[in-house]
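Chain naming follows the written order as A, B and C, and within any one chain the residues start at number 1.
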Amino acid sequence: MEGKTVTKVAQSGLDKKTLLKFLHEMLLIRKFEDKAGELYARGKIAGFLHLYNGEEAVAVGAVSALQKHDLLITHYRDHGHGIAKGIDVNRCMAELLGKATGCAKGRGGSMHFFDASLGFYGGWAIVAGHLPLAVGLGLASNILGKNQVTLCVFGDGATNNGYFHEALNLAKLWTVPVVFLCENNLYGMGTAVHRASAVTEMYKKAAAYNIPAEQVDGMDVLAVREATDKAVDHVRKGNGPYFLEVITYRFRGHSMADPILYRDKGEVDEWKQRDPIVTFRQKLETEGLLSAQEVEQIERETDEMIAEAVRFAEASPDPPLSDLYEDIYANP
Amino acid sequence: MPMITYREALHQALREEMSRDERVVVFGEDVVAYGGAYGVTSGLAKDFGDHRIMDTPIAEGVIGGAAVGAAMGGLRPVAELMTINFALLASDALINHAAKVLHMFGGQMSVPLVVRMVGGGGAQLASTHSQSFEVMFAHVPGLKVVTPATPADAKGLLKSAIRDDDPVLCIEHALLYRVRGEVPEGEFLVSLGKAEVKREGKDITLVAYSRMTLVALEAADRLREEGIEAEVVDLRSLRPLDMETVLASVRKTNRAVTIEETWRTYGIGAEVASRIQEEAFDYLDAPIQRVAGVEVPIPYAKHLEQAAIPDAKRVVEAVKQLLVRTGG
Amino acid sequence: MVSEVVMPKMGYDMTEGTIVRWVKQEGDEVKHGEVIAEIETTKVTVEVEAYGSGVLRKIMVSEGQTVPVGEVIAVIAGRDEAIPGIEEKSAPAVTEAPRPAASSAEAAVGAKEEPGPRVAASPVARQIARQQGVDLKLIRGTGPGGRIIKEDVEAFLKKRPAEVPRPAPVPTAAAPAAAPLEIPHEERDLSRIRQTIARRMAESKRVAPHFYVTSDINMTEVLKLRQSLNALVEERGKISVTDMLVKAAAKTLREFPEVNASFAEGKLRVYQRINIGIAVALDQGLVTPVIADCDTKPLSQIAHEAKEMVERARTGRLRPEDFTPGTFTISNLGMFDVEEFVAVINPPEAAILAVGSVTARPVVVDGEVKAADRMKVTLSADHRVLDGAVAARFLQRFKLFLEQPLHLVS
């Protein structure tokens, strides 16, 4: 397995502020997801809810390699990516509660976060459907000379869909600045990778389209960051798309309705030993980069942010009924 | 005014809009060297270069999706699909994505794209290449659908579609590319969502679009010989649908026949007829008749194909059925 | 003895009646002459009397139902007498559970339906007919399947005399979008009286070419006479101006038989009796009970009959004999301070006299202006039956009878 792992934090070349930010963001995402799960169970959130627990290092590590004007387009398990790209957790939580203050005005819900101003171009819920969009976004960057990288995140399940192959092919033909980032969490819903894909190592699929690719340890935020840095650098220089396969694991079910019958508890426990937040904190502590007070402060800050997000979301107004008819057409 | 073909009118629209706005780019199947499956984009590559007009693989999913992404990225793409039959493969991108972005993401971003495609039958291309799926797309809030019948409308509608901030499907007709008509040179726009009375009459309203507009006009000629003055309303846009023009005509003539090449069941005629009775019931002097494609896969053999597609004779028959008098 | 109660014919033009109320219920004892039901005809509500004694064994027509004249509406017989041809209620039926709500809803819906087959007419034809007050039943449809179409209604309207008042077209521009054609309104069912008036008056105006002659009458003498006569009698015997007009009209008609006539199938029908109708305004509409043989009755009798008849009309208790066919009608709106007006002939009569109020007005008498009690009357006449000069002479004579009123009591 499992791609490259950065063993020592000190080797990453990142400053302490950035490292603490990683820990802060990953914890924030984890706590956001736990709270969302709780609110779902209490009936405050409806629809589908797909939680990102266990995969936080991917979003935080990869997005940190982007510049502010770079774009991120992702699948429906999108809370972590949205938070990593900078969407205020208040607006994320409000979206889950279907409120007017949500990042999509309460129209999108869990699967359809969006913030154009932050370059977060959506959670998309038709599996693999957004990969062609990334090609179009890359084309626009090329033609308009924006030097804008698009990070396109999708799961292992998407690689078996025709869209994946059409998008990689055209991305290469058009030499678009797109980093394709496959989050391989070993299951497409409840189907293990080997049952759905003739090739179980996703990065090999990129070879069919002559796109450089590598496999990365998705439980290591620094490894993800390092690989994404390299990928972004490659595409920003005009070399065309790059493909990353990040091996990760989803600690919770596919969605809140998932009874998790397809994997045994031992496997989950084994992966939890590699919890990206716990292991990263331990590394920081071992290398003397994180004090007990700093840990406490991060814990307290993230707790407060989540508590405030819930307060904000619950206090926010419902979208007005008139909103139903808004924004169907830009030129009605 | 110069007489040019429908094909030339479309070409003119693309050329003018690409010159006017650098964000306008064209991509699709065989649009560069081949000049487009129906020759519309011929010569554009030479004048605008390969960064403004690009070939794609025959992969409609990514064509549709890339158009959505390109529009979100700040371009005004005009994608060409070889035929509307292939558009089924792009329909996910158009219906699930293009039509949703503005509303679902809270009004943050619109998708100014155009997808051009040829629809309709009559060229003996058999079942998979002769269909009319405009109803499917016109059904979807968030999409716009235009179906020009004349060279002038082809130019004016395509130019307006390119300037529009919403996703627009421009559905051309296979048998119209060589039809000639007067087309204004230079700036000429036809508003989206505006029908046009192509011929005035007092006895009955014929509501049609695309090639069926020409069929309706031919039927109107024949009816005049029998003393029946038919008014022909060309819808031009199927969404937004300009019912005001249709209703104004029906309030005058008190009768209507809808004509469409697509299948009758759940068709455009069904929608138009329903809206007429909802909004102008008290003006009707007869039930509304629908002339539509017969409900079969369109066969290859010429006489079978012709029997499957409405023609002027069927329109005349439908009109007479409404106007038949029982003495007195 | 079994006695069938039928829907009575209460006038020459009555074809059907509606049961308003059953005064007696099944099982009740009834005596000959007792009121057992109230029915509504096209004109009034009248009482139905039992023609036999016994028990009201069977009610055949329920309240609200309309049946043709002559149809059996109930059966009176001895309590245990067998009734041939009529099924008795069986025991279980008597103890039948109350009908579920659905049935009463059905009944209500059913009751709203128009009798007879629905006329096939296009929506626009219906709309024009509604706006122009045209009964679609009068129009022959020429559309597919015989449907009445717009052209049929328009052709019908062209044939209709131009002077028929038509409601102003309903403006459409300012109307709300939801109902572009009409001002918001409530649709009321026509009462039977209203239906009859609508049909008969429309027919009169369509068929009979009306012309009008007006006369101004000095009422001074006739009012004096009325005062003297009324001084002699108690309240019930008092004479009204209308009574005197009826008498004057009767005497005039005796001299002008061509006015006491009808145009019937290309011939003149000159009546030998002088039966004068008095138009009485009721809440439900206008009724015109008739006093028969006015020329042979003294003023006092006319006054007596008129008083009773008007009272019956106002209480909805007119009797069949009140609807003896009339030969002439007087319509007096004087009590409403109407100076003069024009009436529509009550077919098949040849004329109607519209009477205005009696008012003191300046008149020139022997070169001097004096106040006098004057009254204007307008005769509407059917030109097929008589000409203007006859009408003029008729009024001249009528005027003379009133201005020299001793003729009325002679």
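In this section, a residue touches a chain if its C-beta (ideal position, glycine included) is under 8 Å from a C-beta of that chain, and two chains touch if they have at least 3 such contacts.
Remember, it's a predicted structure, so these values are computed and weren't measured experimentally.
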Checklist entry - Based on CA centres, what chain would you say lies at the far end from subunit A? => result C
Checklist outcome for this item: With centres defined as CA means, the chain nearest the overall centre is B
Checklist outcome for this item: Sorting chain pairs by contact number gives first A-B
Item to check | Geometric centre distance via CA averages, subunit C-subunit A, whole Å | outcome: 87
Next on the checklist: Please tell me the distance, in whole Å, between the geometric centres of subunit B and subunit C computed from their C-alpha atoms.
Outcome noted: 64
Item to check | Whole-Å gap separating subunit A and subunit B, where each centre is the average of the chain's CA atoms | outcome: 41
Checklist entry - Any idea which subunit B residues touch subunit A in the complex? => result 23, 25, 51-52, 54, 56-57, 59, 61-75, 77, 92-93, 96-97, 101-110, 112, 141-142, 144, 164-166, 192, 240
Checklist outcome for this item: In the complex, the residues of subunit A that touch subunit B are 71, 73, 102-108, 112, 114-117, 121-122, 124, 126, 129-144, 146, 148, 162-163, 166-167, 169-170, 173-174, 326-332
Checklist outcome for this item: Per the touch rule above, subunit B residues touching subunit C in the complex are 254, 279, 281-286, 321-322, 324-328
Checklist entry - Of all residues in subunit C, which touch subunit B in the complex? => result 122-127, 140-147, 149-152, 180-181
